[in-house]
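In what comes next, chain A is part of two complexes: it sits with chain B in the first one and with chain C in the second one.
Now for the complex of A and B:
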């Protein structure tokens, strides 16, 4: 029954546009890497790719949760504030060791997600409004919790999340890879995944077919915020400091861009997990390329805007087919 | 029908970009605010400054002679006290008011909201303040509050951020750091520390911010003039934030492995750069030297450990200078319209001794 609503398989036309619609983000990455191969010194070095992967981790993890929310035709603007809150609670619990600290941060995130989800699912507040209010209040709360102070984090367990490697692969990258795999399985192989996509396809149809729509929506927002909390812990570990005033600022924009560029439509009904990974990497490579070529920041921002424009333009074709 | 859809798609795309633009603008403004939060500790002894340039006296401003110890003094702080600069600034003004023994001292905090600062200043006036010290949140927008003070001939001393208004008419004088000079002094430190040979990456503050512009031009011009052996290999913004300073430095170190020094326009970015240098397997302070502007305890204490090289202070301790200026002004003497507060500097020779005076 759910199957029908799930796979919105677009019949690919043989045209170039069709190719771009389907593989655009991957083509862009290949082109960008090719450019860097020839024109950026030291780009093709193991260390450099390690840096790029380490830097993309927070955005990527946030984008994974964002993709789920967007799949339900929602949006979550509060992810940056959740990161700040996670950062703010770390110094309070860091004495208990890495695992309890991580769990408490995730729990705090989940609670915020439950607030978002309840407003969206049970009260019927529009996602953008609900999460906007939580975004503002959440950062305020984070500053309150942290007493508006930057605090150094010196616990070796927490710091290892941001600094240590296993067999040459940074721990944060391993965590992100596991999460990408987990979310991909969740979306593609579980009933829950199919249900959330069905809700994004048509909430009314999902309700009529007897899906527990409200419960699923609640869970999706909880998951998104919990992932943002993980990103907050990793970001804090990398800095070696809890900085609730700036951590995660504007990350919702990067995450939404990564999701949309990766081929997940804002209108919901689809979640492209690999596409989201590619979208986040593309943003990372663009920013790295611009920095390494010493291009002023203003151009980097304009480049991001142009990517959003292109993504929306290309998806216009898709929406029509749907 | 088709045309309609196309139009709508374009419209939504435009909205997207507009939204991005809005958010980015908002960000820049925030950056501006925190930027002024660079600062540090001169030995608080700077009192009556040598008068140079245009001056202002009670006769010019048309006010009444008051004995400062018999006066009600109001202080309007601009930003939330969530950074060391603001905390130190308010503390300094409060301490000096107590030391002088004014009749009554009232302070307010606008919590980074312009409208609140306007009503704060009006409140101070209605509570009988005869003298005002104002740390403006913004260069523009305080006109209604200034006018209320002007109407009652209440002298207003502004600190740390300069108003777009007329000195000795809308307000008496401005007390603040010379940000261009801070950049020059950082360049001098860097030239001395690297013995005149270095490849430097510059971590800029937020774009479109006056503090960023001044600290950049001061540094770059000084390097051009006095450091022929020094090349600036990159200038990238770190938005005055530690995480951005860190990630940008990581990128730059990879594409330019021969970088030997970092100039960061505030301490937070310098500390981010330090983390990036460690992550790259190099030794901060030795393989790659770090210089920044601010004077926070976090950065100065790193100089003590040898993992950081120099910090130019941006002094938040306006108390002594502000009250000294007020005292001579109220006694009828001419005071400067633009008074530069002395910023000290830290390097390996004095950091250990002076770290406790850092803010």
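Now for the complex of A and C:
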């Protein structure tokens, strides 16, 4: 390897910062679990972990889609509204069973995603502006569809999504695991994934290389919203009721935090799927730890804010080292 | 290095002067010991090709940059501008190619922005502002409703408003950077008339433009920059165009045709049936009626100064730029215009000029960058195939001698030359028919440059049709079998066979009708002191 001198890899600088830049989220999870092992009674019970995983599922699924969008140097603020819309349409179709309900919710999500994607890809609206408007309009639409009412869901198929387990693993967790795997394959092993990352890395270069940039952007937003719709169905199933007024409120922020903490830069060009999973888990464990120590919920939100600042700061350091 | 030429200016004290100004950026010297002055009422052309230091000098003169060395003088007194506002207050105004005013505000508000006339109550006195604005614009023969939002006016008028604003802030020097690049012919006339009025009032004009005809019409003196040095100062009228161009490019008229500077072997014209036929390519303000025929196995040079439309022609051919008119066909089949994917499918690919922002995807690996365009071809049912990718990537890394520790190395860690080879590999992986190269050797080191040049040769021998754009005269001349010379967006002439030499190219670039291709005798264009400007070889 005569050319070895050409390579300047960032983490080999040997600093603690470098280590954190690469594995920060995993280190944080280990530290947090270690703390809980000693200071939180009953944290390491199977039941507790099952609860934690069940609770993280909606944020995780939304964050998967968000990671794709952020990978293209975009952002999607409308995911919470899409969850609400999915929740709002469920009572209209209850009685058809789980699969049709899921499909219809996904379809609704895909339509909203197509609206986002069209604005971003074809009209050139900034992602934050496009999805912000859809976020506001989407929740309004959800309330309209639901007639501003909270409706209980009785379809056993849908409810099983929130209640039942297979071999002790909740169905919603299985779905989330499958989606994590699917998105990981999409990002790392498909043409589509490689192209979306290239667009985030340099949109101009992607265009000049003849990539179907607009089509890919459109699809990314459709995927993100479809995933949010799945999260909406799971959230509704867990509550046993369609609550379009509050379901998914502020989930976009948790999802963005999970993605960024997981090492996907907001400047696009990279998607860390496992990192996103770890980021979502870290957020979940932090809030669980605080709750178990009877710290008010408000503090857990502040903790989230501090973590996102830290994550962005560490990433900024990474950019500078480059 | 100062020329002895006397400036035909009105007074002896320069209104704005720079002495020994040096400016470095991260080790790169953008301006080196530059001495420059402009006198009241003088109109001075500031000339130079890309990277000569023109814009850096302008930014030093207007307080955007602080010089690392040297001093500025205003009306003969030492001064320094800590920020652009200081320069503006001292009477140095700049008119940029893009109007930088507030588009939603009225014309009058724009002119008096930040210094609105006030009534006794301290409120803006709109009536006075409107009448003042009207009077001011009338002075220059511009009749507009000053209450209208600025953006509703034509671009040329907007520029006049910017000019009027600059002058009404007691400007003593107005710097114009490519002021006519987006103007209609009629608007250009108005601008020139206004420039005349300003000069009559003792205002100095520093005029930056790539349009030779304009320069010779508007300016009386010229300062030429090259590689951060002042290489010529003097009167413009006794300076033949060709000489001006050769100074800008660093090719002295006597020293042309030394040969053997580049890695190119003798390029031959091909007589195969054409692969690419472009007809009447046109786009407003950029290119006008460009027609080309390119045959397999030939390298065709596209000559022209900056702003002549050479890059735009490549962009038109490759679908990057939407054309107003004209057609491109490959092997007789018309290619859909304005679509990069369509052009690539037809076999036309372009290596963009700006490798960093338009070429590489910096955070991706060498492998991902090479396969970027060919990805769908190297996949099965949408899934990428590492085996297929490796086959392609390994071949090109070996063939183009790309120096990498592994294909997974991040591309931004490579040197410029190796990045350029990655870009070429990306296109070769598409097995193109026509390869458009925009400045393929810019910003890469000498060794890589030679490699890229011999690669171009090799590809042509293998039957690829290549169009080569380069600012380096010797690269175009030695690399191309024939050279199509563009000027102001149109084809000026085409050099073939023995006419492809530096002298003919320089003459054509200058658009010197008196000294057309081949008609130049060295004696006719000799300068008084030819060693006044060193060539690159001397420097």
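We take it that the second predicted complex is superposed on the first by the 308 of 322 C-alpha atoms of A that agree within 3 Å, B and C clash if a C-alpha of one lies under 4 Å from a C-alpha of the other, contacts with A are read in each partner's own complex, and residues count from 1 in each chain.
Criterion: a residue touches a chain if its C-beta (ideal position, glycine included) is under 8 Å from a C-beta of that chain, and two chains touch if they have at least 3 such contacts.
A quick note: this is a predicted structure, and the numbers were derived from the prediction, not measured.
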Contacts of A:269 with chain B and chain C, given as first, second, both or neither: second
Partner chain(s) touched by A:101 [first = chain B, second = chain C, both, neither]: neither
Touching partner for A:249 - first (chain B), second (chain C), both, neither: first
Chain A residues touched by each partner, larger count belonging to chain B or chain C: B
Partner chain in contact with A:206 - chain B first, chain C second, else both or neither: second
Which of chain B and chain C A:191 touches, first, second, both or neither: second
First (chain B), second (chain C), both or neither touched by A:148: first
Which of chain B and chain C A:72 touches, first, second, both or neither: neither
On chain A, positions contacted by chain B and by chain C: none
Touching residues on chain B, where the partner in the complex is chain A: 5-6, 9-10, 12-13, 16-17, 20-21, 23-24, 27, 80-83, 204, 207, 233-237, 241-243, 246-248, 250-252, 254-257, 272, 275, 279-280, 298
Residues of chain C touching chain A in the complex: 320, 340-341, 343-345, 350, 352, 357-364, 368, 372-373, 375-376, 379, 382-384, 403-405, 409, 412-415, 426
Touch list for chain A against partner chain B, complex: 40-43, 45, 47-48, 51, 55, 143, 148-150, 152, 163, 235, 238-241, 243, 245-247, 249-250, 253, 288, 291-292, 294, 296-298, 301, 304-305, 308-309, 312-313, 316, 319-320
Interfacial residue positions of chain A with respect to chain C in the complex: 1, 3-4, 6-8, 189-192, 194-195, 197-198, 201-202, 204-212, 269-270, 322
